[in-house]
Amino acid sequence: MIVKRFKSNIVAHLSYFIGSEGEAFVVDSERDCQVYLKVAQRENMQIKYIFETHRNEDFIIGSKELAHLSEAEIYHGPWPEFQYGKVLKDNQEFKIGNLKVTAIHTPGHTPGCVSYAVADLDSGTETVLVCTGDTLFVNDVGRTDFGGPAKRREWSTNLYNSIFNKLLPLGDQVILCPAHGAGSVCGSNIALREWSTLGLERLMNPLLQLSREEFLEHKVNEHHEYAPYFRMMEKYNVEGAPFVGAGKILKAMSPSELKKAMDEDAVVLDVRSPAAFGGAHIIGSYSIPLSILSFTGWFISADKPIVTILESESDLEVVSSLARIGYDNIVGYLGGGLASWYSAGYPLKACPHLIVASELKAWLDSGDECFLLDTRSKDEFEGGHIESATNIYLGHLQKRINDVPRRLPIVVICGSGNRASVATSILLRNGYEEVYNFLGAMRAWKKLGYPLTK
Amino acid sequence: MIVKRFKSNIVAHLSYFIGSEGEAFVVDSERDCQVYLKVAQRENMQIKYIFETHRNEDFIIGSKELAHLSEAEIYHGPWPEFQYGKVLKDNQEFKIGNLKVTAIHTPGHTPGCVSYAVADLDSGTETVLVCTGDTLFVNDVGRTDFGGPAKRREWSTNLYNSIFNKLLPLGDQVILCPAHGAGSVCGSNIALREWSTLGLERLMNPLLQLSREEFLEHKVNEHHEYAPYFRMMEKYNVEGAPFVGAGKILKAMSPSELKKAMDEDAVVLDVRSPAAFGGAHIIGSYSIPLSILSFTGWFISADKPIVTILESESDLEVVSSLARIGYDNIVGYLGGGLASWYSAGYPLKACPHLIVASELKAWLDSGDECFLLDTRSKDEFEGGHIESATNIYLGHLQKRINDVPRRLPIVVICGSGNRASVATSILLRNGYEEVYNFLGAMRAWKKLGYPLTK
Amino acid sequence: MIVKRFKSNIVAHLSYFIGSEGEAFVVDSERDCQVYLKVAQRENMQIKYIFETHRNEDFIIGSKELAHLSEAEIYHGPWPEFQYGKVLKDNQEFKIGNLKVTAIHTPGHTPGCVSYAVADLDSGTETVLVCTGDTLFVNDVGRTDFGGPAKRREWSTNLYNSIFNKLLPLGDQVILCPAHGAGSVCGSNIALREWSTLGLERLMNPLLQLSREEFLEHKVNEHHEYAPYFRMMEKYNVEGAPFVGAGKILKAMSPSELKKAMDEDAVVLDVRSPAAFGGAHIIGSYSIPLSILSFTGWFISADKPIVTILESESDLEVVSSLARIGYDNIVGYLGGGLASWYSAGYPLKACPHLIVASELKAWLDSGDECFLLDTRSKDEFEGGHIESATNIYLGHLQKRINDVPRRLPIVVICGSGNRASVATSILLRNGYEEVYNFLGAMRAWKKLGYPLTK
Amino acid sequence: MIVKRFKSNIVAHLSYFIGSEGEAFVVDSERDCQVYLKVAQRENMQIKYIFETHRNEDFIIGSKELAHLSEAEIYHGPWPEFQYGKVLKDNQEFKIGNLKVTAIHTPGHTPGCVSYAVADLDSGTETVLVCTGDTLFVNDVGRTDFGGPAKRREWSTNLYNSIFNKLLPLGDQVILCPAHGAGSVCGSNIALREWSTLGLERLMNPLLQLSREEFLEHKVNEHHEYAPYFRMMEKYNVEGAPFVGAGKILKAMSPSELKKAMDEDAVVLDVRSPAAFGGAHIIGSYSIPLSILSFTGWFISADKPIVTILESESDLEVVSSLARIGYDNIVGYLGGGLASWYSAGYPLKACPHLIVASELKAWLDSGDECFLLDTRSKDEFEGGHIESATNIYLGHLQKRINDVPRRLPIVVICGSGNRASVATSILLRNGYEEVYNFLGAMRAWKKLGYPLTK
C-alpha cells in the first residue's frame, strides 16, 4: 500500500492517491489532475476509482477531467446534486489491489458526505486510514452552515453523530486523512500539522472535548464567511468544470498592451508583496499577495479579464491557483515586471504611509485621532484586538466602504500585513488618501507586548 | 537581438526563435510548439510572425498550433499547398523589434523554398544571419528528388542558382541557420557542427567546391530514401496537424493489459538498447532503439495502436518524438519494464546469437558459409563494406524479405549495431532463426583494421 | 508542526526532518545530508538537533557532516561507540519550536537504541509520533543478532520489553516513524506501507501477536545475513565518515580508458537490467541491477577502484547510492554506454541461456538433469521452492562456489530475475558455461501455479 | 564539433566548452566550473585543456578548480602573473579530438592576451571560430587602461595591431567568440547580440570603422571605471581562488539571528526590486537589485559578513553570483523575507519619496529648486541628460558624498531606476532625508520626449 498526499495551494485542499499492486484510487481530485497521472505512471498503477467525500464548495473538483484522462469511475455520496458519477450505498465496499475501501456515510458538513476507510489486506483487516473529507480535520471539524440557518442544528447533529458514532469507533489507531489543512476557509482552526490519527483527535481536538450539547451550541453559533465565488463553485461542481489540461502558458504583455487591456476594462491584480505594492504600483490595481490569493474571490468578478503584476516568473503559479477557484480569465502578466511599466513612462502610485507597531503605539499614546480598521475575521478580532479598533472583515470592506470615515487618517490592521495591503488597495481605489499600512500588524503588536482587548 | 536555436530529436530539425525589443519570430516551428511560448515569456517578447522555409516532408510543422496559442501570423513561400498562412513576395521585408527580416525566394529543394535574411539594426544594416531551411546545410545541400525524376534537373538547377546567386552573395560573414542538423534524412552528409557561416560553406562544403555541371550531375544522380510516413506528413502539413498541447501523459500498462492490447492487434515497439532486446524481448516485438526511432515510419502503420517497451521513465520522450512524425496512437507502455512481463510468467525470446567483429572475421576466414546482410544505405555501403556482404537497406527489408536466404546463417550488419537490431527483429518476425546480431558492426570492423571493399 | 520523511534508496532507510516555529531536528541523517538543509531553507527553520536512534550497521550516518553544515548538536544513546555527539539520559526532554521531544531508551536491537516521542504543543501534550529507529518497524521488529549468539536472548528480551513496556504504552493513536522501510536488510518482513501507528502494529504486526516466549523463541532463532561491508560501516559510524558535499560528478570514460582501468585492476560493475546484461556485457563484469545494488557490499571490496556500466544517465544515482554504503571509489562510467565499447571493437559476452517458467517446467517434467540453484534467502526458500532446488544464498555464492557442480547445466533461480543475474555473473566469472538465467523466476513460477515445496 | 556557450550572470562573462570525438577544451572557465563537467558527462568527452585568453580582472577564473576536478592542463599567455598553468608560444597548436586549435598572441587589452582559432578538421582546415577574450567583442573592443596612463597608447596600439593584423586576416567567415557580452564592465558598448563573425565586426563594429589614428585617439581617451573589488580579483587570479564545489546552501536566518548578525557588524544587502526596497526595508541596508549586483564590489568590503534580503527563493542565485566576484562571506538570508522581520516587530523604513517622469517634469517646469543627482556613467551622462543634472557616477557616490547638498531635495536619476535605488540607499545611510527615487528615470524621460542636453 502506498499513500501520496497532495496539498493544493490557495485552497489548502488535501487530496490522496492511494494504491496497491497496480491499482489505485484518488480521493477528492484537485482541478489540475495531471499530478495523479504522473504518480500513477511512476508507481505503475491504474487509477480505478475517484472518490468524492462531498461536493466541495470552495474549489473546483477535477474528477471529471481525471476520469476522462484515465479509466477511473467516479463515486460520490447520495446528495442529488452531481450530474456525473455513481451514488454510493452506505458501507459499500471496493477491492483495489490488495486494499479494501469502505464508503461510510458521514453526513453533517453536507447531507451527502462520505468517508472512506481503507484497510491494507497485506497486513490484516484493520482500517489503516480514513479519508474524512470536511467531516473531521486535524484540530477542527467541518462547517455546518451551508444549508442555511434553518438546517444548522440538524446538520450539526448529523456531524456530531458521524464523528462520534461512525468515525471514532474505527479506533484510535486509524490515520486521519482530511480534505483540508491549515489555511482553508472550511475550518477556522485547522492545525498546521498534517499528521494525525482518530485517537489524537479524540484526545486533543478542542471540539471533541465538548459535550454533545456544547458541541451543538458551538456549531450552531460559530461564525463563517461565505465568499461570493462559492456560488460559482457550486455550478461548476454540479456539472463538472471546463478541462484545464496541463495549464496555460501565460503571456508576457508589454506595458502598452497592458494599458490597452486596462482601457478595455481588464482588472489589474498585483500579487507582489505588501512592501513592493507599497513602494510602487499601477494606479487602480488590487493588491492581493500570493499567500492570500483566494481573496480574489471576494473582490474580482470571474467574468472580467485579469492582468497580473508579478514579482518574478516563480509567481506564475497564479494561473493554476486561480484556476482552482474558477478564474480562467487571466489574459497575461506584465513582462519585465513593474520596472517595464515605469520605464515606459507610465504613472505610478506608492502607498501613502507605512507604519510599524512602535510608531502606532506612540501615536495612540499621543491621543491623536485616527481610525483603526481591523480587517481580520470576527473570531480573530474577538480573540484580541487594539482597544479602539473597528472590525470590518476584509471580504466585506468594499460593500461596507461607507463605514470607513473619510475625515480621519485610517490605519489598516490585519494579522501580519498581507490583508492590510489588500485593504489599502481597496481604500485607495475608493479615493481614500490618508491610509497607513501597518506592516507586522497584530503579530508584531503582540510580540512587543502591547495591550490587547478581548 | 537574441537568437535561440532548438534541435528536435528523431528528425534532427533545427528551428529558431529570434527577437528584439519585445518582438520575436519563429522559423520552422516544431510540433510541440510550447517551447517557443516559454522563451517568449522568459524574454518578454511577443511572437509576431511564424516563417516557414518550406512545407517540410519529414516532420509535422507546429505553426498552426503556435499561431493559435499566440498572436503570430504565418508566412510561407509561393508553393500552393498550404491551406493556412500568407504567401510571401520575393524580397518582402518585415520589421520585428529592431530587426529587419527579408524573405528571399530560394527554390530548389522545393519550388516554394524561402530563406530569411536577418539584419540587427542595433548594429547596422548588414545581414547577420540567414535561415536557409533545406536549401543549404552545414556541409551539405537540400535534396532535389521530391518532384520526381522528371523535375530533378530543373530543381537541382534552381538549387544551384539559389545558393550561388542568392545566398552566397549575402557575404562570407553571414551566419548560417539551416533547418536540419546531423542525423536528418534530408541530407546524407550534414556535419555534426551546428555553427557555420556562408563563407565557411563557400570554402569547405564539398558540394560548393564542384563546378555547376558537377553539382547538377551529383544532385541528379544522388540516392535518397523516401520513407512511407512522408506521405502522411504531406497531408498533415498541407492542412495543419491535430494540436498536441503539452503532450500526453502515457499510461503505464500492466502485463495483462499489454497482452490484451496485443491480442487486439496493437504493435509492440521496443525502444530499449540492442543489448537489452538481444537479452530478452516480447515475441513479435519490433526493436527500434530510441536513437533511430524514425524507422518506425518505415515499418509501423500510423493507424495501428502502439504499445511500447522502455528501459526507464526517461525513455518516455518516445511520445513526443513519435508525435513529430505523426504517430499519435501510442496507447501505453509496459509499467515496470520488461521485468513485469516476465515476472507475470509470459514468454520471452532472446536474440539467437551475438557476434563481434573478431568472431565474424574468424568465421569468414574459416570459409564457413553465411549470408552477410548489410542494412546500411546505398551510400554507406558503397563507401566501404565487407566483401561478401549483400546490401538491403533497412527500410526495404520487410518488402525484400524474400531476398534473404532461409538455409544459411544470417549475420546482420549496420553502422554500429542499432539498425542491425531492427533488422534482427524483422527477421525474427519473419521466422528466421539462425540470425547473428553483429554488435559494433562496421565501426568496430574498421577500428580493428579489417579489410573493406568499396 | 511539520514532518518530512525521506527514503534513501539502496538501504531503504527512512529519516525525518521535523520542525515547528523556525526550529527543527533531524532523526537519523542520511549521508548526503544536504537534503535537510534544503528543507530547512524552504521552511525557514534552523536545524537545532540531530538525533540518532542508534549507530546504524548497514549505512553511513551523515550526522557529522550535517552538524558541520548547520549549528545542530548531535545526540545519541548511551552505547559507548560514538566518537562524537552527546549521550542522552533516559527521558531527557528537548523543546524545539513548539514541540516537546522525549528521548526514551529502547534497547534491544542494540543496547544503546533510543526512540524519540514528539508532542506538538500547539495541539496538546499527547505524543503525536514516535521515531523508533530499528526497534519497531511496520510489520516487523529489529534484528537482535548483532551482539552475537551469546547476547541474543538478552537483546531479544530487551527488545520485547522496549516495545511492550515503553513504546506501546504511548498509546494506539501514536504515529510510527521507523528507520527502515520495505527492502531493508534490517528486517526481512517490513511492509511496503509506510503509514502506521502503534495501535496498528499492536493489532496487526505478526511479531506483536506472539506471546513473550514465542517472541523470544522467534527472535533467538531467526536467520539474518551479515554482509561483509557492515564491518566498514561500523568503523565509519564510530568515527564519522568522510564528507561527501553535493556528491561528485562522475566521469564519462572512453572505452580505451575503461580498458586501461580494468588492466590496472578496476572492477567492472554493470548496473543494467538482467535482460541487457544477458544480451551483451563486458567479460568479467559483475551484474548488479540498480534495484539490488547493496549486493555490491557482498562481492566487491570497497578499496578497489570501480568502473560502472549504465543504461542511461539516469543511472548515475549509482554514485550517491554506493556512497551510502561506503563505496567512494567509483572512478567513472562508460560514456555512451555499452555501445561505445562494442563500437570500439572490444569483445563481449552474452549470457549463455535464457529460460522462462514454462520452459523450466517442461525441462523438469522431461526428467533431464540440471542443477537448480536457488539464490534467495533461507526464509524465502523455506517459504516455498521448486522441489529439486538447492539453496545457496546469493551473498554466499562466491565462497560456496565449489558447491555448484560443473558437470550439469545450472538454472539460476531467485525472486523475479535480478539476483539470478548477479549469480549468473558470478558463475561466468568462475568459469561456468552452461548457465540458464531464469527470468521471472519464482514470481512467474507461482503465477503459473506450478508446484512448490515448503 | 560541438560548441556550448555559457553566460555567467553578474559579470556577463562568456565561456566556451568545445569538443570533438570524446575530447574537449574550455576557454575562460567560470568559477563554478562544475557546469563544464556536466556537459563533458553528457557529451561523453574528456576535458583535456583549459585555455585562458588572459588573466581576467573583473571575475574569478575557475580554471584551477576545473583542472583539479578533471585531467585538464591549463594554458595561458606569456604575461608572468599566473602561478599555475603553462605558457603558450605564439601559434602553438593543439589537436583535440578532430579539432585543431591555434593559440595566437593578441596583446592589447593586456600584454599577455591570447586568442584561440579553432578548425574543425571534419570539414576542412579553415578556422571556424576564434575565441578572442577581451580583444574583440561584438560591437566593441577591449579596455586598454589597466596598465595605467603611461602604457595606454602602447597597449592601444597593440590592440589595434592584434585586431587588424592577427584576427581580421583569419577571414570574414570566422565566428566570433568573445569573453564578454552585454552588461560587462569590460566594454561600455557591447551589443546584446551574441552571434557575430569577424566579417560582421569588420563591417559594423563602430571602432573598426575608425582610422588607426582615430582608433588610438579614442582608446587613449575613453573613460572606464575601476571597481575597488578588481584588486581582489587580481590576487585571486594570480594564485587561484578558493574552490567552491557545488556552492553552498545559504542559511535561512530568523529575524533575531539577523539582528544579532547586524549588531556584530554584518552588512545588510537587500537585492529586492527598487519598488520593494522603496516600500519597506531594514534601516541601514544597501539596496542592490540583482540585475546590478556587481555594485556590491563598489560599496561593501569582501571581508565583511553579509546578510541578504531576498524577494523569494529564486533570488538565492545571489550566492553564486557574488562568489564570481570573490564575495564568499554571505552568512545567510532573512527566512520568510522582509515579512518575517516586520512581523517580529522590528522597525522599518520606506524610501521617502517616489517620483515619475511627468511629475519631475512638472517640478522642474515650476522652477522649484532641487538637486538632480545623475548616477550614470560619464559616457551615458554625456550621451544625453536633464539640463540641470549633476553627474556623480554611482560607484563614486560614497566617497563624493559631500558633493551632494544637504539643504535641497535630491532627485536620484539613473537609466531606469535600479542604480537610483542603490544611490537612495547610500544617501539614506548618510543621513539624507528628502530623497526622491526616480523610477523609470532617463528611459521614461526619453520615452515621453522630454528635453535632453548632450
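Every chain is named by a letter (A, B, C and D) in the order it is written, and numbering of its residues begins at 1.
In the analysis below, a residue touches a chain if its C-beta (ideal position, glycine included) is under 8 Å from a C-beta of that chain, and two chains touch if they have at least 3 such contacts.
Remember, predicted model here, so these are calculated numbers, not experimental data.
Centroid analysis (C-alpha atoms only) places C farthest from subunit D. Across A-B and A-D, it is A-D that has more C-beta pairs touching. In terms of their C-alpha centroids, the spacing between subunit A and subunit C amounts to 41 Å. Centre-to-centre, using mean CA coordinates, subunit A is 44 Å away from subunit D. A separation of 49 Å divides the Cα centre of subunit A from that of subunit B. For subunit C, residues touching at least two other chains, in rising order: 313. Considering their complex, residues 272-281, 311-314, 337-339, 342-348, 350-351, 354, 356-358, 416-418, 439-441, 443-445, 447-448 of subunit C touch subunit B.
The residues of subunit D lying in touch with subunit C in their complex are 22, 34, 37-38, 40-46, 69-70, 245-247, 249-252, 254, 257, 313, 316, 335-336, 340. Put simply, subunit A touches subunit C in their complex at residues 1-3, 120, 122-124, 126, 128-129, 138-139, 171-175, 191-200, 202-205.
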